[in-house]
Amino acid sequence: MDDQDNTLQYLISVEKLAQEILSDKREIILLDKRRNENREALRNLTKSSESKCWLTVGSVIIKHDIATAKSLLEADQNQLNIDINQLRSELKVKVNNLRDLEMEPPVPGLMLVPMSHKENEGLTHAGLFN
Amino acid sequence: MAPAPGMQQIDLSKLNLPQLAQLKQQVDHDLQVFQESLQALKIAQGKFVDSGETVEKLTPATKGKTILVPLTSSMYVSGTIADTDNVIIDIGTGYYAQKDIEGAKDYFKRKVQFVTEQMEKIQVLGIEKTKVKDAICMMMEMKIQAQSEPQKVS
Amino acid sequence: MAEEIQKKMQKELEMFSGVQKEYKIAVSQKQQLDSQLNENKAVKEELLLLKKDAEVYKLIGPVLVKQDLEEAKQNVNKRMEYITKEIRRTEGHILALENKQDAIQTNLNKLKNNLGNLKISV
Amino acid sequence: MEGDAPTSSKTFSGIPEAVFVDNVDEFMNLPENSGGVDKVLRRLDEQHAKYKFMESTLASKRRRLRQQIPDLSRSLEMIEKLKAQKEDMETQFLLSDQVFLKANVKPTETVFLWLGANVMLEYSLEDAENLLTTNMATAKKNLACVEHDLDFLRDQWTTIEVNMARVYNWDIKKRQAAKASSQ
Amino acid sequence: MAKLVDLELKKAFAELQVKMVETRKKINIIDAQIDALDKVLKFIESTRQELNVLPNDTNTYIPVSRMFLQADLGDLKENIEERVSILSKRITELENKKEYLERKLRESEDNIREMVQQRKEQIEDKTN
Amino acid sequence: MAKSNINKGKGKNADEIFNAFQTLRNEQRQLANKITELEMDLNEHKIVIETLQGVDKSRKCFRMAGGVLIEKTVGDVLPVLEYNRERLPQAIEALNEQLARKGKEINEYIETHDIRVHRGHRAPETAPEQATKSNVLVASE
C-alpha cells in the first residue's frame, strides 16, 4: 500500500509539472501571437493616411487618434515582452525540475514484459496483425 | 428478411461478428459526429435568425435614441445610436463589412438559408447512416443467433 | 530467439501506435484546414457581393483597419491558395502515414509467423 | 465508505474521499459487503455516478468562472477608458452576434452593473472598479478551488474504477477456482 | 339481406369513428395552442400591470438583442394593449373553432347512436 | 431452444425497460435542474438584496419586468425583491417534494426491473459499460 501510494504520489507530481509546462508553453505561444499581431497593427498604423482608427476593447470598438492608438499598442507590447520573458525563465526552471524528478526514482512501468499469448491474441482480434 | 439497403446487405453478410461490431462502432461514431454538427449548425442558425430580427428593429425612428450600450456582458453605459442606416457585420476570418439595413437583412437571410441547407444535407446523410446501422444490427443479431443455435443442439 | 522476436514485435507495436497518433493528428489538421478553406470561401463570396465603394475592414490584432475592397479580395484569394496547398501537403502526409501503417502491419505479421513457427519447432 | 467524513483539508466543496481497496478479500469480508459481489459493484457504481455528477456540476461552475474572469477584466479595462474620457466617444458595439452598431458615449461618471435577479444598479466609476476588482479576486480564487476539486474528483473516481475492476476480477478468480475444484 | 345491411352499418360506423378520432386530435391541438397563447397573454398582462402603475415620466427600455433601447412608456402601453387585443382575438377564434369541432363530435356521436337505434328497430320489425 | 427464447424476450424487455428508465431519469434530471435554477435565483436575490440594502435608497436602479427594463430607484426595487425572496423557498420546497417522489418511483422501478432481468452484475445505469471496461483494464493480470 505504501509503495503504491508513493508511486501514485510520484506520478501525480510528474503529471502536474508536465501539465504546467505544457500550459505555459501554450500561453507563451498565445502571447507571442498577440505580439506579432500588434507589430503588424503598428506597422499598419504607421502607414495609415487617416487621422483616426478603430481599436477593439473586448467586444466594443472605439475610435482613437492614431497617435493614441499607437501609444496604447506600444504599451501593450512592452507588457507582453515582460510577460513572455518571465514565463520563459520560469519555464526553464520547471523543465529542469521535471528532469530531476524523472531521473531520480526508478520509473515503474518501464520494465517491459514480453507479450503473453493472451495479449497476442487480443492484438490479433484488434486487427493489428492479420 | 432484412429490409431495404440491398447493396450493403450483400457486403454485410460476408463480414464476421467482430468486423460487424467494428463497423457498427464506426457508424455510431459517424452518427454522433452528425449529431454534433447538427447541434452546432442549429446554434449558428439561431444566431443568424436573431441577428436578422435585431437588424429589422433598427428603423430610422430609432436614430439618436438613448440606449444602454453593452460594454461587456454585465456592464452598460448610457449612449445614443449614431447611425441607424448602416451596421458593420463580421463576415468571418477577421473581415468586417459595412452594410445598410436592407443589405444586412439580406445577408442574414442568405446565411440562414445556407445553414438550413447544410442541416438538411446532414439530416439526409444521417437517415442513410441509420439505415446502414439498422442493417448491421440485424445482421449481427442473425449471426449471434446462428452461432448459438448449434451450441444448443450439441 | 523467441524473446528477440517478441522484442522486435514490441518495437514495431510502439512504432505503430506512434504512427497512429501522428495519423490522427494529420487527419484532424486536414479537417481544420478544410473548414478554414470553407470559411474563406464564404468570405470571398461575401466580398464579391459587395458594392465597389463598400467599406471593408480587417481586424489586425486589436485594430480594425480599413481596407480597399480589391486588396481584401486579393488577400482572401492568397489565403485560400495557401490553405489549398497546405491541404494537399497534409493529404500527402496522410497517405504516407497510411503506407507506413501497412508496412508495419506486414512486418508484424511476418514476425508473428516466425514466432508461431518457432513455437511449433520447439 | 460513503459515511466517511469529508477530509476538508483536501477539498473545498467537501467531496468524500474514495478509499482504495488494497486487499479485496478483507474488503469483501466487511459486514457492509456481505450482500455479494453484485451489490458491492452496484454500490461502487452508484458512488462512481455520484462523482460523475459532482464533476458535471463543478465543470459547469468552472465554465462559468472561466467566462466571467475575462469579462470582468474587460469591464475593468473599459472603466479605465471611461475614466480617461474627456470628450464624446465614438464606438461600435456588438449589438448581436456579428452585428456592430455605431453609438456615441458622452463623458460619464457612472456605469450600470447587472447584479442579477433582473436588477441593474448605477455605480460611480470608482465604486464599479472596486466592486469588479473584488469580484475578480473572488472569481479567481473560486476557479482555483474548483480546479483543485476537479483534480481531486478525478482521482476519486479513478480509485473507484480500479476498485470495481479489482472486485470484479476477484470474483472471476474465485469462480474459476470454484469451477476448477469442482471438476 | 340482413348481412348486407350489417356490413353497410359497420362501414358507416368505422368511417364515423375515424372522423371522430380526427376531430378529437384537432381539438387537442387547439387546446395546446390556446394554452400557449394563454401563457403569453399572462406574461403580457403582468407587464401591463407593472407599466400601468408607473408615473408617466418613467424611463423605460426594451431589449434589442444585447442593447436596451429607450422606448416611450405611452408607446409601450399602447403596444401592449394592441398585443393583448390581438392575442385575445386569436384565442377567441380558436375557442370558436373548438366549439364548432365539439359540436361536430356530438353530432357524430348522435349519428352513431341513431344508426344503432335504427338497426335495432329493423331487427325488432323483422322478428315481429 | 427454450433458453434462447427467454433470452430474446429478456432482450426486448431490457430495451423497453431501459427506455422507460431513461425517461424517468430525464424527468428526475429536469426537476433537479429546475430546483438548482430556482436555488440560484434565490441566492441571487439574497445577494442583490444585501447589495441594495447597503446603498442609498434614491440611487438609480433598473428592473427588468415582463420584457421591459424600467428605470426606478433602489427604494422601489427592494420590496419587490424581498417579496420574491419570500416566495421562492415555497416553490423550491414543492419541487423538492416532486423530486423525492420521482426518486422513490425510480427506486421502485429498479427493484421491479431487477426481479425481471437479473443478469449478474449488469446493473442499470453505467454498470454494463463499466464492467466491460474493467475487463480490458485487467486483461494483463
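Note that the chains take the letters A, B, C, D, E and F in the order they are written out, and that residue 1 is the start of every chain.
Everything that follows uses one rule, which is that a contact is a pair of C-beta atoms (placed from the backbone, for glycine too) under 8 Å apart; a residue touches a chain by one contact, two chains touch by 3 or more.
Protein names from UniProt, one per chain: A = p53 and DNA damage-regulated protein 1; B = Prefoldin subunit 5; C = Probable prefoldin subunit 6; D = Prefoldin subunit 3; E = Prefoldin subunit 1; F = Prefoldin subunit 2.
Fair warning: this is a prediction, and the values are worked out from it, not measured in the lab.
Undergrad: Chain by chain, through touching neighbours only, how many steps does the shortest route from subunit B (Prefoldin subunit 5) to subunit E (Prefoldin subunit 1) take?
TA: 1
Undergrad: State the pair with the higher C-beta contact count; candidates are D-E and B-C.
TA: B-C
Undergrad: Using C-alpha centroids, which chain lies at the maximum separation from subunit D (Prefoldin subunit 3)?
TA: Farthest from subunit D (Prefoldin subunit 3) by mean C-alpha position: E.
Undergrad: Can you give the whole-Å distance between the Cα centres of subunit C (Probable prefoldin subunit 6) and subunit F (Prefoldin subunit 2)?
TA: Averaging C-alpha atoms per chain gives centres 42 Å apart.
Undergrad: Cα centroid separation between subunit E (Prefoldin subunit 1) and subunit F (Prefoldin subunit 2), in whole Å?
TA: 33
Undergrad: Using mean CA coordinates as chain centres, what's the gap between subunit A and subunit D (Prefoldin subunit 3) in Å?
TA: It comes to 22 Å between the two C-alpha centres.
Undergrad: Please compute the C-alpha centroid of subunit A, do the same for subunit C (Probable prefoldin subunit 6), then give the distance between them in whole Å.
TA: 21
Undergrad: Which subunit C (Probable prefoldin subunit 6) residues touch at least two other chains?
TA: Within subunit C (Probable prefoldin subunit 6), residues 57, 59-60, 64 contact more than one other chain.
Undergrad: Mind pulling the residue numbers of subunit F (Prefoldin subunit 2) that touch at least two other chains?
TA: 62, 64-65, 69
Undergrad: Counting only residues that touch at least 2 other chains, which ones in subunit D (Prefoldin subunit 3) make the list?
TA: 71, 74, 78, 90-96, 99-101, 110, 112, 120
Undergrad: Applying the document's contact rule, which stretches of subunit F (Prefoldin subunit 2) touch subunit E (Prefoldin subunit 1) when the two form their complex?
TA: Where subunit F (Prefoldin subunit 2) meets subunit E (Prefoldin subunit 1), its residues are 62, 64-72.
Undergrad: Taking the touch rule as given, give the residues of subunit A at its contact with subunit D (Prefoldin subunit 3) in the complex, in rising order.
TA: 1, 4, 12, 54, 57-63
Undergrad: In their shared complex, at which residues does subunit D (Prefoldin subunit 3) touch subunit B (Prefoldin subunit 5)?
TA: Listed in rising order, the residues of subunit D (Prefoldin subunit 3) that touch subunit B (Prefoldin subunit 5) are 71-72, 74-75, 78-79, 82, 90-106, 108, 110-114, 120, 128.
Undergrad: Considering the complex alone, what residue numbers of subunit D (Prefoldin subunit 3) touch subunit A?
TA: It comes out as residues 20, 22, 71, 74, 77-78, 81, 89-94, 100, 155.
Undergrad: Of all residues in subunit B (Prefoldin subunit 5), which touch subunit E (Prefoldin subunit 1) in the complex?
TA: On the subunit B (Prefoldin subunit 5) side, the touching residues are 50-51, 54, 57-58, 62, 65-70, 76, 81.
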